[in-house]
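Before I ask anything, let me first share the structure, which is written out below as structure tokens.
By letter and in written order, the chains are A, B, C and D; residue numbering begins at 1 in each of them.
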Amino acid sequence: MIGVGAETWLILCIALPFTLAVAAYVVGPRANLYVAWLAGLAIPLASAGLCYGVVTEGAIRYAVGGWDQPLGIALHADVLSGLMVLLSAVVGLVTCLYGHRYLGGADDASSRSYWPLWLMLWGALNALFLAGDAFNVYVTLELVTLASVGLVAMTGKAVSVRASFRYLILALAGSLAYLLGVALLYAQHGVLDLVMLGEQLGTDWASVAACAAVTVGLILKAALFPMHFWLPAAHGSAPAPVSAVLSALVVKASFYLVLRYWLDVFPASVTDVGSFVLSGLGAAAIIWGSVQALRTPRLKLLVAYSTVAQLGYLFLVLPLLRDAAQRDAVVTGLICLALAHGLAKAGAFMAAGAMQRVAGDDGMHGLRGVSVSTPVAVFAFALAGISLMGLPPAGGFGAKWVLLDASIASDNWLIAAIMLAGGLLAAGYIFRFIRVAFHTEEFAGSVVTRHRTLEWSAMALALAALLMGFLVEPISIWVANAGAAGTTQLAEVVP
Amino acid sequence: MTASVLMPLIVLLSSLVPAVLIFLLPADRHWLRGAMSLGGATLKLAIVAIMLWGVFHEQTYRLTIPFLPGLPLTLHADALSMFLITLSALLWLFTTIYAIGYLDNAPHRRRFFGFFSLCVSATVGIALAGDLLTFLVFYELLTLTTYPLVAHRGSAKALQAARTYLTYTLGGGAVLLLATVWLYHVAGTLAFREQGFLNGLVAEQGPTLTVIFFLLIAGFGVKAALVPLHGWLPKAMVAPAPVSALLHAVAVVKAGAFGIVRVVSDVYGIETSDQMGLLLPLTLAASFTIVYGSVRALAQDDLKRRLAYSTVSQVSYIALGLSLGSPIAALGGIVHLVHQGVMKITLFFCAGNLAESAGIYRVSQMRGIGRRMPWTMAAFTVAAFGMIGIPPLAGFVSKWHLGVGAAAANQGWVIAVLVTSGLLNAAYFLPIIHTAWFAVENSVNGKSDDHKDAAEAKWPLLAPALFTAALSMIIGLFATADASPLTWATLIMRREFGL
Amino acid sequence: MLYAFGGVALVCLGLYGLVALEHMLRRILAVNVMGTGVFLILIASAARAEGAPDPVPHAMVLTGIVVAVSATALAVALACRVAEQEQEGRPEGEVKP
Amino acid sequence: MSDFLANILSHGGVWLLVIALPMTVAALATIRGARRYVPLLAPWATLPALVVALWAPAGVVADVPWFLLGAQFGLDETGRVFLFLTATIWFIGGVYAQSRSFRDHAGTHFFVLFLLTMAGNLGLVVSLDMASFYMWFAVMTFASYGLVIHSRSPSVMRAGRVYIAMAVIGEVVLFAAMVVLAQSAGTANFEQAQLAGVSPDRWRLVSVLSLLGLGVKAGVIGLHMWMPLSYRAAPTPAAAVMSGAMINAALIGWLRLLPFGQVELPVVGGLFTGLGLLAAFAGVFIGLMQRHPKAVLAYSSVSQMGTMVAALGVALQSAGRWQFALGAVLIYALHHALAKAALFLAQGLSEQAVPSRASRWLTQLALVMPALSLAGAPWTSGALAKAGLKSEIALSSSVWSDWLITLLPIAAVGTVLLMVRFVCLSWPGKAAISQQAAPLPAAISACVMVTLSYSTVWLWPNAGPANAAEVASSPKALWAGAYPVLAGIAIAWLGVKTIKPVRLAPNRLTLPAGDIVVLIEKAGKRLFRLIGKQAINRSATPRQPLA
């Protein structure tokens, strides 16, 4: 990172994956291995560089090609986006390893389309996290959608194709709702830059309507209850590395945008009613998702429903943002929760994939006693589960702690209670599987086709999620610093 | 300086590292695995011995690891933590020897010993926790690491028991988390301090603190098996004998009781909580548990189940002692932490021996087994007498101080509870002893086939049982000697009451 | 203003179609109708009281159309795949591409 | 020589020897090669205790602060009496158990339990602090369970159940008493506790609790049910040590625990006296209706202990004359212990086949002599003990003393009746002569016991009032000893001759041994059935064995 400015890393974060995606497409499956290695090393390096720069030097703004607003493409990196980029870097790195092994480097259609699509998705995600204006966000959002739909449909199985179609249509609808909101914003204020928009927005009906349109569009894509129905099918039917990325990163992208808008753009326009409606939906998502996860007959569906539930947390605590004293804590908690969930869920899906490989199927019944043949994967799943349950020392625990503290401080007891209940429900479905895995019944699947790389990739992510708890403190400091810096900036602007 | 940081770390790592290595080791390297387990246990014991000396001479051992904002993980060795850690280090060594013998040729040994070591690491963490958050972290880790042990056999019954266990303990953990966060919010700190850290807040935050107190007690009460939160314990009996031993004597139940001790003495302070009137409900709950557990134990024919209900009853002595608010009673409660552990682990070792060597699972199958397995039953007898509270065994020493403390607190009815409990303990232990030693094996109905070819258990199973039985006699017999648990507990009690 | 209301009407129509229609192709069309509505609103917002219209919304709509086209293409491709599989009569089976 | 002995005996380690030797011998049983020597060595394990009791200087105290809760062992005059009688009876009981027929039948484990019980009994005598006392008390109680149920027949098992249930109740109540006292006094040392200025309220509580706790051992009326059953169930040597030595554990417990001579407790003292008197009469009454000689002896113990409890009650009410009262009680205890042990041994002898006419005479003599002593006939030790006790009661300031003076002779008549009944029941018939080898150790030990029971009290230094021996030999005292005996024999003779049912159908006028325990068992069974039904229903679903 020495000698290289944070801007450079910023550009690289976006440019590298897109370039590699094109390269992978052009060169074809022969070079899969090299592409995988290159991507797995270079992009995380760039992401880490960016993140380091953001943390040490503060937020960065960059106008691509020197074109400034409103026509140019503004990039904006702060702690929030930096950490999200880092998350995608970590998950991406492991996904590269895992994907390479999972798809076996075979020269078939799925392998051929996987690498370009996945790298494109990675690039789109980075671009989305770093986008600085509302329209750019729309474009990257659509890019993410298209790439993810392609990945879901990759195997060509009927189930996944149907799921991907449904996903696509809903995602498009969500994007359009978002775009509608952007249109309203632009019509009124004539700017698209997120920071500038935030300074102009008020409580007038147009702002509120724009806020509503943007939020509805985003929560559709973030699969918040009751608009979650497309998610389990899409995530459950995709190949494991794809599911991991979808659950860990793609839905997180939409949530990131919600957070970004609510923090930077809408604070003035968001009404209490609105935030409590979202909170209520979040609560419903936690309960509904968990209950479904407790009932579903397939492991990957279980994990997918868990995503529905976990996303609920992110929305559950939004009302706490209204309390200025708790804002930093809540942001910290949300970031940590998003990161922890990203790592843990990617780990869980990868573990599920490894087990599915051995068992030939991810039906709960067929996985009985699977701990005999893939102990590492089961262990990884359990470790990831610890984070999902919010038990110490996992990142999920740290996040929950901070959020609980904030909700108690602002007297939101119901939110605290639901958070705790959600943890217990999560324990219910995680251990539902562990119980199956521990069953003494002779394991039906093959023991020969064990893939150590798959299992250990899952383990790496799960461990990362487990140790994420120790990052809560630094993150809280960064957020506090950024918050302090942000307010001074504002103070300069306002007079 | 460095030693003060290193020591707690080594104690923690001496079981954590073996655990990780065991998981990484190929499943068929039994010898190496055993060596690592035992090596770790021995190392831990040695370090603990050094730390004991240090803590006695007022040295500080403190290690902080940044964790949550403003709340680092703190490992801190004070007199109370050394108490639990010595118990767990010592009994871990025995249990490891026992488990190696017990699980000879059993499947999934790698998993078992891995989680076994993890479980002890969590216990060590609980013992060394310097604040409530650290305590909570290791407390939850303990829940998670014991689950695979309870479910170890993988039978439908074991899985069901493990599920019950998990439901109870995670529920308790959630309550605990809420209470801890709330307490942090109210007090702004969670670091344990002798005589509590809430003294200044009682005036303005009294009701809130009361609610938090009961939430905390409810949270810890699950593992400490306070009625009505005890339901998991008898079910968890399906686990293999070393696990039961660990659950009942060293780790889980002890963690709950230790949590109650910490809350009462180092969070609220015994005197403060007494002034706030928090202790009487705890006394009532503990008393009820003591009597209830014993009554339920009476009706059990299954040996381990009977022992489990006995644990329900006995562990509440600890809470009872703390709740009386008098130094002597607190002394009795704290010392029972170790005494109950040593005695109960003996009983479970013996129950395991009976099951393993003679296929005996029920009291009614034990007729005359004392002749065939005299050493096992001798150890059992000693421990059972200790549980009843017969001198010179460890249980008497605890009960004596509890009784004197109750009299000092002018709570005569607690003595009645102790007396009742002693009667009931006798009522469910003496028949076992009678059956084993004096009952004639009846060869009618072919029942004597139960243990026709039963011989004494092999030495890895027998030696730990005999040793802990001897220990429970020694710590009772020499209760007032230097370095006895009672002396150490006196030290703790002095510091807790600021005497 | 008229354009804007027309746009809103189109969005509503598209939304209704999205929710009510079953057939894949129709749903694709519904999304497109909705998209057109949004574009219309954007264009309408470009109108200014005096002088030339604001160019930015035009640029945005242009980009939006590109995105919409590619998305539609993907959707149609997926729809074709589904239709193929249904014709082969094994909707649950695996299809070799 | 004697200096040397005194030097050794005043060393604290001697207590270790007294207690540890029996346990060491018992521990030999775990060594395969040494096992067969255990029965042989058993009686000799009492030797250190005997030597200490006879020759150790008083006031030898060993503080053992690291033991239990800080223990103290030592010997005072009270302890000396009890140590002597305990060691003697155990020794002789041990010798009795050497009889070949018994030893072959009993096996090593009987002797192991015998030795453990012995250790407990000796230990509690020399313990001067509560925890150690309680410890040895418990060791004695639980080890003796094995002695009681030695023969394993169903009725014996029932006796064992009753014994252990009552004993445990006694144990835990005693625990409560000690705990309360230890707290109130701030010390667990008996002597310091008596001097600690504990409030009378606390003393009352402690006294009542100890009356219940130790009362089980002493057979205080209401808690006596186990006694007839266990004495009957236990083999002769065990019954002898139980009735002679172990029963006195209660007495020494009270002497150590209660504030005699320090605090006057009129109400509690009255309770002691009342219960004691009740026991003195009820024991006689129920004992007369027993069919088994050992049960008769058991009820006699109830009655005799009642007398002593009554005397203790009187002493509790008048602190002033305690030193003298103590002497009287000690002598009475010594007398009763030795005589009762002799009776049991003689009874055991009477059950054995005897080889010759001479040995039958010997048996008959062994039966009659201690019976007379217990009855308080002139020139017996009983006469001396009773005289001492009576004079002390007369001098006390208790409101009960007049009553006692009146009632005790009547109780003495009752004792005579009991003894007549006992002798009749165990009188060896003519047909019993056989040519089998004589149970020599048994015969010898019984005879020695009888002799001791006569001589010891007279020889005991400082026994009772200084001129007790002279007083007891005076014509007045002789008459006082003789008339209850004569009256009793006369009543017995008249009763058998005149009252038809007694003569014709003695078996219909009986009460079951253990009297109210039968009722309690019935009530318990009914209650258990009530509760048990639900429990059984619940456990009806077959449980898989757990591991």
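What we mean here is this: a residue touches a chain if its C-beta (ideal position, glycine included) is under 8 Å from a C-beta of that chain, and two chains touch if they have at least 3 such contacts.
Because the structure is a prediction, the values reported are computed rather than measured.
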Centre-most chain [mean C-alpha coordinates]: B
Inter-centroid spacing, chain B versus chain A (mean Cα positions, whole Å): 42
Rounded Å distance between chain C and chain D, as computed from the means of their C-alpha atoms: 105
Where chain A and chain D are represented by their mean Cα positions, the distance between them in whole Å: 84
Centroid distance [mean C-alpha coordinates] between chain C and chain B, Å: 66
Touch-based graph of the chains, sorted into line, ring, star, complete or other: line
Interchain pairs in contact, sorted by label: A-B, A-C, B-D
For the chain C and chain A complex, residues of the former touching the latter: 11, 14-15, 18, 24, 27-28, 31, 34-35, 38, 41-42, 44-45, 54-57, 59-60, 63-64, 67-68, 70-71, 74-75, 78-79, 81-82, 85, 90-97
Chain B partner contacts - residues on chain D that touch it in the complex: 65-70, 131-132, 134-135, 138, 142, 145-146, 149, 152, 160, 164, 168-169, 171-173, 175-176, 179-180, 182-184, 535, 539, 543-547
Residue ranges of chain B touching chain D (in the complex, touch as defined): 153, 157, 237-238, 240-241, 299, 301-302, 304-305, 328, 352, 355, 361-362, 385, 388-392, 396-397, 399-400, 403-408, 412, 415-416, 418-419, 422-423, 426-427, 430, 434, 437-438, 440, 476-482
Chain A to chain C touching residues, read off their complex: 70-71, 109, 135, 138-139, 142, 145-146, 149-150, 153, 155-159, 161-162, 164-165, 168-169, 172-173, 176, 179-180, 183-184, 186-187, 190, 192
Touching residues on chain A, where the partner in the complex is chain B: 329, 332, 369, 371-372, 375, 379, 382, 386, 389, 391-393, 397-398, 400-402, 404-405, 408-409, 416-417, 420-421, 423-424, 427, 431, 434-435, 438-440, 469-470, 472-474, 476-477
